[in-house]
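After this come two complexes, each holding chain A, first together with chain B and then together with chain C.
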Partner chain A sequence: MTEQILTVSATTEGPVTVLSAAGEIDHDSRQSLEDAAEAALQDGSRSLVLDLGAVAFCDSGGLSLFVDLHKRTTTRGGRLHLASVQPAVTAVLLATNLDRLLPVHATVGEAVAAARPTG
Partner chain B sequence: MGEPEQLRWFTALRTILDRSHLWTPEDVPLSLNAAVAPLGLRVRVWLVDYEQVALRALVEPGGESPDPVPVDGSLPGRAFARIESMAGLGRDGVRRWWVPMLDGTDRLGMIEFLVSGKTDADQQEFVRHCEMLAGLVGHLVATISRRGDHIDRTRRTQPMSTASELLGRILPPLTSSTDRVALSAILQPCYEVGGDGFDYALDDTTAKLVILDAVGRGLRAGLACAVALAAIRTTRNAGGDLAEQASAADAALTGQFPDTRFATAVLAELDLDSGRLRFVNAGHPPPLLLRGGKLVRELKATGRMPLGITDPSGEVAEHILEPEDRLLLYTDGVTEARTADGDRFGLGRLVDLAEQHERAGLPAPETLRRLAHAVVDHQSGPPADDATLMLVQWSTPAALNTVARAGQATREDDTRS
Partner chain C sequence: MDTRVPATPVLVPAPGLLRAALDAAGEAVLLCTAEDHTIVLVNAAAKALLPGLEPGVTAARSPLAELARAIAEGTSTFTDEYLGRQVLGHRRSLGDDHYGWYLQDITEEIARAQEFQAERDRTLFLAEASRRLSASLHQRRCLRTTVELAAAHLADAAVVVLPARRRQSEWMRLIAGESVEEGMLRENVLGEVPGFEEALGGFPPIPSRWLDASQVPAWLLPEGFGPVGALLVTPLPGNAEPAGALILARRGPDAVFSAEDEMLARIFAARAGAAISAAALYRDQVDTTAILQADLLPPELPQPEGVELIGSYQAAKDALRIGGDFYDVFGPVDDSPETVVALGDVCGKGPEAAVLTGKVRQTLRALRLVNADPAAMLTVLNRALLGSGRQHRFVTLVVAAISRAEHGRVRICLATGGHPAPLLLRADGTVEPVEVSGTLIGVVPHISVGPAMVELAPGELCLMYSDGLTEARGGPSGTEQYGESRLRDALASCAGMPGTAAVERVRQLVSDWVHGGVRDDIAMLAVRAPSRTKLSLMDTGVAPVSPFAIDARRGDRRGRSR
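Let's turn to the complex of A and B:
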């Protein structure tokens, strides 16, 4: 498939990188998000904010990437935050109970505020 | 039927059993025919293919292979579907009986008995004998299929992926019934599984079940599924409760795979005395409860996170079932199956079909065969995900519905005497 079904852009502010995804996250498309997250962590980001405002679909391939990024950020003292989660993706998070693991925020601003180190 | 007749059947059974110790899978057709020839019979063993679409003849090396017989739309197929012996007449004018070949209650295929010579004095007695022979051969075929590839090869219409090969050897029989419960499962696409699996253990008082969907695809997912099932099984066997079984799967998955592999699952125990169902839902679609041929509820529960993500909450939910209740468990590959233009199979279709087949009184494995095929047919291309279904019928009549009919008649006789 040549058509890009997931595009990702990254903005870094200090120890927090915001990854804005647009499209569908599944087993095939998740690589671009994985690469962007990998690059942010390599560059020293401790926490990641995943802006899912333009993501209408996410399957277990996407969920396992979220869990993976959760593990990798927590081991370095940070966290993965999800922001602007759309209804279909919220449904998947609730169905798998992964909303208990991954903090979800209404807006990217709130997520960034939560991700920023306090003190 | 007189004693000499019964003695001839006894001799045939003894001959089959004696020879079977040294059988290879290739020996089965000729050896069986040699044993039943004194009864004036010829037999042909038909095995159902793994996708449960057609019956395929088990032939001796170099033997001529007849065309497969479709399960849908044929007399042998109807007999297979209903688990009922049926009489037919071939184009050759030879009378024949199509008799279910089961390993216990696991449908392996059919045995075709070709009857030459005199009419039987007592037809019901004749069919009972055929079913007895088919019952023995079913057990033997199941055992001997591990000895060589010929039986397995006959059941395959295409090569299996490594993941399917791995899982095929660790899953229990698709169907197992006891006096009190009928339990059946099905997993599609059977040649290309990618992380779905199931397990169960039946004893006199409890039915313990697991349905599991490991994230990912192919062998990567298959390995995670195999590891999780093995961890659950060994913990259960050692007396561990549901939460301990789930924790064992967490430990095995996180210990074995440094990358993230998790599996959604339902682990359940049904008490066959009280009907008390206890279950842990690890991020999996909720089990469905059917009563009187209708969905009464989805058994929603708080549950825990998927296996492989340590979750100390491990909440065990409870629900009291009524006698004759049905429990249908499934993976999301069933409801998420899509047509080319994105139409989901959905819960509505699943429930409608399950209700319809329940009301038609189909045996549990046949209900699941039809449900699984409906899911496959719904998708235009190859399935995007595994679809697994498990049906538990807390019902003695349903259990009897998974054995051959003449066998049922015998049972009723036994209870009366």
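Let's turn to the complex of A and C:
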């Protein structure tokens, strides 16, 4: 019973922090991702990349966290990027049209490149 | 000069020497003859302890009744009280002709033991009070416990009076040995109890000796209680303001409340007050939740001519997790005969989600009155929610405008805001999603909504549902989601069924999947074009009523909120 529903690891490269999530993001589990994002923003990251390669499920609790992080990164001139989104999560993003709000990238590398400030 | 100690040792000391030795001893000694108990010697310590006791009289008629009794009964110890002192006596034989009563003043010792016992009793009482008072969040039970404890340990009568609500005060009273009584009092008579207004006003309690017990109004205690000797009014400290006041009374002319009694009453009152105010807060919270829940309950579904509407709402098991899913129905208005239904899911739980649900439903109701189409309803709702400021929550929903078409068909204009697409159950048993898309509501200033128009032939059904249905976890592993494909299969198996049966069947299949205990709300709303052929005389055209669907759920929910 000690198995975590969601585990999150963070790596920071300049103004971009990549948060790699594994598991399921829902109302009950989102806190760990929220805490990691909060820490990254506190430490001065402007943009966040969410690596969702190992996330099989995301409910409205997860979506509301994405929306929240989107608002917080944009107010500081950054952006929330999603990377390697799996089909189940893609379906949720499509159903809610959030794919139009949040940039979605095939790989973490592409997402980091897009998140890195140009020039 | 002969009284001086002789140079040679003697075997028998002189009587004077004996007396001097006994006077010098700390212990009080009465020397008596064995024959008739005549006191022959009272040493100095005994004179101090028992003034007035002289040699020459018999100890069997001494003013110490217990000493006389010990002699009469031949016992060798006694305790007695004499002129305010507690005396303990031991008898020791001194040869054949005499014996002595060796007496100790044990007044202080007894007082210390009594004090120790009293302290122990107080501690036990407070421990019992804490245990019993913390056992309930039910306010009347807390009041009852308070008067029971107070009447058992603190006074002959205990009355708890709560602060006035709507100019009336609730009270509960217990006379020791009788049964608890309760009632209501008019606020304006409470001031007749000495010290009461001060107690409820948050002032420190007035010492009992300053309260005139003869001023106690007749209504406070029953007639048979007798004259009140001592009165103590103690505030029950609550949350910011007193939770009430505890009135204690002792009967009889000599009754008093000592400083220790008052202190104990205050400590007890602090515990009772905390329990009563916690119970009051809890009651308020439950009331608030019940109010919010009552407003969130799905409405009775009307049965418009030529259309079947079937709803099902299964609330999450946890009654305090209010909010979440909802559906609503808005009837025809002057310039539009359509019936509009909405089914949605507010992100999150709790009062905040419940308030947002209320806002959404009211906004939709207003938009329906101005005859907005579903897509416009969503667009305006989105702007209204964003305009209402500081909320992080969003809502997904589907809105459908339903009207009758030719040949018993039903036309539905649908728009979604980030909600799972409704499913259509066709007459041939195929299940297909409605091709709609739309942004969730309450996040971005401009949403895109792609509405759709579908038509149902007689017997066909359109199912709107919340994601609690597809995300319900269960199955063989207990953690697998029900999922959309299972839902489609379930719905396909309902082909040809009446609407209520179809919805109930889907609900039952999901309930089986999760083994009964749903973690999230599950809402379903189905629109069906009634079958045209009336094959049975049983079909009297009365609106279909499901024995399982919404009415049963409604009862469930109300029952749990209390």
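Everything below uses one rule, namely that the second predicted complex is superposed on the first by the 116 of 119 C-alpha atoms of A that agree within 3 Å, B and C clash if a C-alpha of one lies under 4 Å from a C-alpha of the other, contacts with A are read in each partner's own complex, and residues count from 1 in each chain.
One rule holds for everything that comes next: contacts are C-beta pairs under 8 Å (C-beta built on N, C-alpha and C of every residue); 3 or more make two chains touch, one makes a residue touch a chain.
Here the structure is a predicted model, which is why all the values come from computation and not from measurement.
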Handout entry: Fit or clash - chain C, chain B, common chain A
Key = clash
Problem - Contacts of A:Gln42 with chain B and chain C, given as first, second, both or neither - result: neither
Exercise for the section: With the two complexes superposed on chain A, say which partner A:Thr75 touches: chain B (first), chain C (second), both, or neither. Expected result: neither
Fill in the blank from the handout: Among 117-125, 135-143 or 153-161, chain C is struck only by the chain B stretch 153-161
Handout entry: Overlap of chain C and chain B interfaces on chain A (superposed complexes)
Key = 27, 59-61, 63-64, 67-68, 95-98, 100-101
Completion exercise
Within the complex, chain B is touched by chain A residues 27, 59-61, 63-65, 67-68, 71, 95-98, 100-101
Handout entry: chain A-facing residues of chain C, complex
Key = 345, 347-349, 392-394, 396, 418-421, 437-440, 443-444, 447-448, 467, 471, 481
Completion exercise
Residue positions on chain A within touch of chain C in the complex are 27, 57, 59-61, 63-64, 67-68, 94-98, 100-101
Handout entry: Complex contacts: residues of chain B adjacent to chain A
Key = 213, 215-217, 259-262, 264, 282-283, 285, 303-306, 309, 311, 313, 332, 336
